[in-house]
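In what follows, subunit A forms one complex with subunit B and a second complex with subunit C.
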Partner chain A sequence: MNARKEGWIYVGPATLFLFLVMLVPLAYVAYTSVTNAGGDFSLASYHRLFSSDLFKRTLGTTFQISILASLCSLALGYPIALHLARQTPRMRAIYMVLVLVPFWTSILVKSYAFTVLLGRAGLVNQLLSFVSGSTVQLPMLFNRFGVMVGMTNYLIPFIVFPVLASLLAIDKSLYRASEIMGAKPPRIFFRITLPLSLPGVAAGVLSTTVMSMGFFVIPALLGGRQDVMMSNLVDFYTRETMDWNMASAIGVILLGIVTLAAILADQAKRFGSRPGVPA
Partner chain B sequence: MSSPIPTNHGRRKFLQTTGAAAASAAIGLPMLATPRRASAAEKLVVVSWGGNYRTAVEEALVRPFEKEFGVAVTLVDTPDLAKVKAQVMTKNVEWDVFDAVGPMAMTGSKAGYWETLDPALFDRNDLVAPMTKEAVPFYGFTGGIFWDAKKFPEGKAPQTFADYFDVTKFPGKRTLRNRASETLEIALLADGVAPDKMYPLDVPRAFKALERIKPHIAKWVDQTPQTTSLVETGEVDYSYTYATRAKASQESGKPTQFSFKQNLIGLEYLVVLKGAPNKANAMKYVQFALRPDRQAALMDLHGNTPASKKARALMKPGVSKWLSDPQNKNNLLSNDAWWADHYDELTLKFKEWVLS
Partner chain C sequence: MSTSASRGVIDRQGNFYGGVRNLLAVFVYAFILVPTLIVIPISFGGSGELSFPPRVWTLDLYGQLFSSTPWMASILQSLKVAVITTIVSMLIGIPASYGLVRFEFPGKKLVMLLLMSPILVPVIVISLGLYLYLSRLQVVGTTIGLVASHTAYVVPFMMMTVMAGVRKLDPALEFAATIMGASRSTVFFKVVLPQLKPSLLAGALFAFLVSFDEVVIAWFLTSPSTTTLPVKMYSSIQWDISPVIAAVSALLTALSFVFCCISVLFQPAAPSDGNP
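Take a look at the complex of A and B:
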């Protein structure tokens, strides 16, 4: 009993704080989504959303962008984590700064920086023009490519950290044993490193996908007319048409999707970590 | 904590209330801790647009107002109608005077967010456009075509909206605003509708004209600064922007050019929030902002067209070249009253069209 009381002293303030700043507003958003402008109960917002082409297209775009950005980040982030795992702790700390500096930089600043790099007359095109000797004007800004570059850049650290944690947790004697048994590096990677790092990969991919679902600044600054995501739509209904019932309904749907994804991922992880040593 | 009684009362009430009320009370709680007598001092909160716009408002309106009336003015950035809605809805109004573009002011009027203005406060014959029950015109802003003069010498860039939509004569990438108001009017002007026959808008015709230009629009601009920066960085060839932004671009040494051959003139309004805590001061401030001398001082800095006709004569001669020509028959004055009735419906239609 005493210990229980003490426990409340530790978690009580945070619980109360979260209740006030998160659960109460969230309940209000859910409530707003099932009322109409007059405040009566109504499912009109959901009905309107599911019959709206704008919403359906945005939902599709959100999924496409989130999953693709997450996979791109994995493709680029995994080798970084692998490289970091092979360093001595001292060198790893130094290299880690290179991952952390962009991670700490404001997303707004980075997005504006990308407009300088990716523009029609931007640094990348200038470099390509210089190398090829003719005027190159690749369209890299205000389209899906720009969004991918911006989002991947933002998400890579969120892949590197969990994957690195999994890689460092692998027992070093496994590598030694496999070398003694005559395994070549590719075989070691595919039979030991990769399978044992999968929990980190799953955690990384899941968190980046879920995070991407709520992106706002990057599609707004680097995307084109086809790259509107759900949060841009929430912004549109909140600030432009001032239809908060619609905005709330989108918020609730987004929350539902993300919750569902988290539950599924949890199940998958449990299934994946069943007892049994890889052969 | 110097007044424990209201704080305790606030806390008890706070625990009793539910849902939204609890959330708004949580935001309001720090306010309860300040002593009552602090509110006896003369105060006013004005919302303005930030950046060099804000500096100009500070210099031409806020400081002289503080001196003349002994009122401490707080300037807050970015007028946001959603925040007004939240303040009026939760009866937790913190802003007094609000600086609103036409459709914003009219939408707010329809929703009942503004106090009624006493017409006796203003010289109505001096105003360039009529005031409404709740909003008084503050100035006119001039939209038009903007390009890089180094890339396109005299006569090689589009200067009217018909030119802007003529992609064979003027090939290249362009911008338009990601909003229905302004864009639909531009499309109709480009399609040959006379400015005096513009309203009510022929919406299907506007969309048909926009369909023509859609493949050539590199960016549907949301952030106003991009209207000029995209041209300056060579991302697009021509852009739709405002005379004030073009002025700032040229003054920072960029070789850019803005066309006054055809302009779209929008109105900015001043309004007072319903239930404003310093309503009397707010009314004094709005009246002060419309005084010809203050209008001239502010427009000298902004480069916008003053709402007071008398102010025009008081302005610095160098600035007047940035004002739209009232004699130009090609120019269109946006009809905000028409937009008030169609804003929501057309905004949605426009956004869906852009995405498709």
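Take a look at the complex of A and C:
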């Protein structure tokens, strides 16, 4: 009884604050999504969304970009995690800074850097022109390529952390045993390292995919008209057309997708962590 | 002799695959670091043309930045919002972190979910909600509306750090102080908080940087008179790509580097250390 009350004294202020400044606004989004301009209950926004080609295309684009960006980040992040896992703790801490500095760098700094790097007369094209000896002007900005580069760059640390944790949890004696039995490095990798790191891979891929679904800045700054994602559509309806009901309906759908993915991830984790190996 | 020869073969093999692994890793390290670092040489180039490395090294862009009223106003606004946000989020977040780790009470799971929701909910949905709600309260475009929103957004980031710190504390110390007749507040302020200093500092830095860098919520909530630096950068990249952004970006990169070093120093036993 006493502990009950005491707990509330500590968490009370934060709870009240988050209730007022987070839960109520979210409830307001849900409420707005099921009302019409006059304030009466109506599912018209959802009807309009699902009969709108723009929305359907955006939904498809969002899924495509999110999954692809997440897989690209996995392909690039895994070697870094592997490299970090092989270091001594001291060296690992030093190399870790190389991941942490970009992780902490503002997304706007990176977006700006990519507009400078990937533009038609940008540094990458200049470099390619210099190497090839002819004028190269590859279109790498304001298209899908630019979005993928920007998002992959942003997401890699979010893959590295969980995969590294998985790799470090692998019992070192397994490597020694397999080496003694004559396994070569590729075999060791595919039979031991990769399978045992799958929990981290799954966690990383799921969280980066979910994170990507809500991306706003990168598709807006590095993408073209064909690369509009759900967040950009919310922004469009909120600020351009002032159609708050539509914006809210998209918000609710986005929230639904993310919640569903989180529940699935949780179930997968529970299933994965079932004690299958007796001690 | 033959054993050392075969050992040599294994080593060469190990070296080969190790070399491939390291080469791949170096390539990806470069990929994630280049956008962060490239802004530094660019910021010392002139504003006229884009060349790398810059032909002439100058401080022109920094001069332009520091003499530009709109840019300086947005920097000051961001500093102001981030400082107040950090203070308010510490005031409500530190006790909450302690309460969640130390006490059991009904509804704890729901409270936890509510307090962590800003991390779980897509930031665009949060921004939309705050925009709709705060326009009804008529505080959209005000500093107070922005601070309240940033505080709600930042609290879980800071709490993760502080909660990790509380978990490492020995409850016996608090128990002993209570037995000796210390009141609840004496225990919290004299026993708990002093032990938490490193995580509090890390949490405060975390909160500050998340608020200082936050762009989507601020994009929805600021007016021309309360524009924060990220919002100014966002619209500048979108519309005019002013070369001054290079100087701003270089300063932000320096900030994240400083932050990163401090966070590494204060958390020597990061989860990446892998000690079971």
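Criterion: the second predicted complex is superposed on the first by the 249 of 279 C-alpha atoms of A that agree within 3 Å, B and C clash if a C-alpha of one lies under 4 Å from a C-alpha of the other, contacts with A are read in each partner's own complex, and residues count from 1 in each chain.
As a working rule, a contact is a pair of C-beta atoms (placed from the backbone, for glycine too) under 8 Å apart; a residue touches a chain by one contact, two chains touch by 3 or more.
Note that this is a predicted model, so its numbers are computed, not measured.
Annotation for the three-chain superposition on subunit A: subunit B and subunit C clash.
Legend: residue contacts after superposition of the two complexes on their common chain; A:V21 is shown touching both subunit B and subunit C.
In the superposed model, A:L117 lies in contact with subunit C only, and not with subunit B. When both complexes are overlaid on chain A, the residue A:R225 reaches subunit B alone and has no touch with subunit C. In the superposed pair of complexes, A:T241 makes contact with subunit B only, with no contact to subunit C. Using the contact criterion defined above for the overlaid structures, shared-chain residue A:V97 touches subunit C, although it does not reach subunit B. Once the two complexes are overlaid on the shared chain, A:I65 sits clear of subunit B and of subunit C alike.
By the touch criterion defined above, A:P157 reaches subunit C but does not reach subunit B. In the superposed three-chain model, the partner touching more residues of subunit A is C, compared with the other of subunit B and subunit C. Contact with subunit C, but none with subunit B, is seen for A:L84 once the two complexes are overlaid on the shared chain.
In the superposed pair of complexes, A:L54 makes contact with subunit B only, with no contact to subunit C. Within the three-chain overlay, subunit C meets subunit B in a clash at only one of the listed stretches 9-17, 81-89, 135-143 or 261-269, and that stretch is 135-143. Residue overlap on subunit A between its contacts with subunit B in one complex and with subunit C in the other: 21, 24-25, 28, 115-116, 121-122, 220-221, 238-239, 244. Residues of subunit A that touch subunit B in their complex: 20-21, 24-25, 27-28, 31, 52-54, 57-58, 115-116, 119-122, 141-142, 220-221, 224-226, 228, 236, 238-244. Every residue of subunit A that touches subunit C in the complex is listed here, in rising order: 3-11, 13-15, 17-19, 21-26, 28-29, 32, 76-77, 79-80, 82-86, 89, 92-93, 95-117, 121-123, 126, 153, 156-157, 161, 164-165, 168-169, 179, 184-186, 213-214, 216-217, 220-221, 230-231, 234-235, 238-239, 244, 247-248, 251-252, 254-255, 258, 262.
Remark: subunit C residues 10, 13-14, 17-18, 21-22, 24-25, 27-29, 31-36, 38-39, 42, 50, 52, 91-93, 95-96, 98-100, 102-106, 108, 111, 114-115, 117-118, 120-126, 128-134, 136, 148-149, 151-152, 155, 184, 209, 213, 215-216, 219-220, 230, 233-234, 237-238, 241, 245-246, 249, 252-253, 256-257, 259-261, 263-264, 268, 270-274, 276 touch subunit A in the complex.
The touching residues of subunit B, counted against subunit A in their complex, run 19-20, 22-23, 26, 80-82, 85, 107, 111, 173, 178-179, 218-220, 222-223, 233-236, 344, 347-348, 351-352, 354-356.
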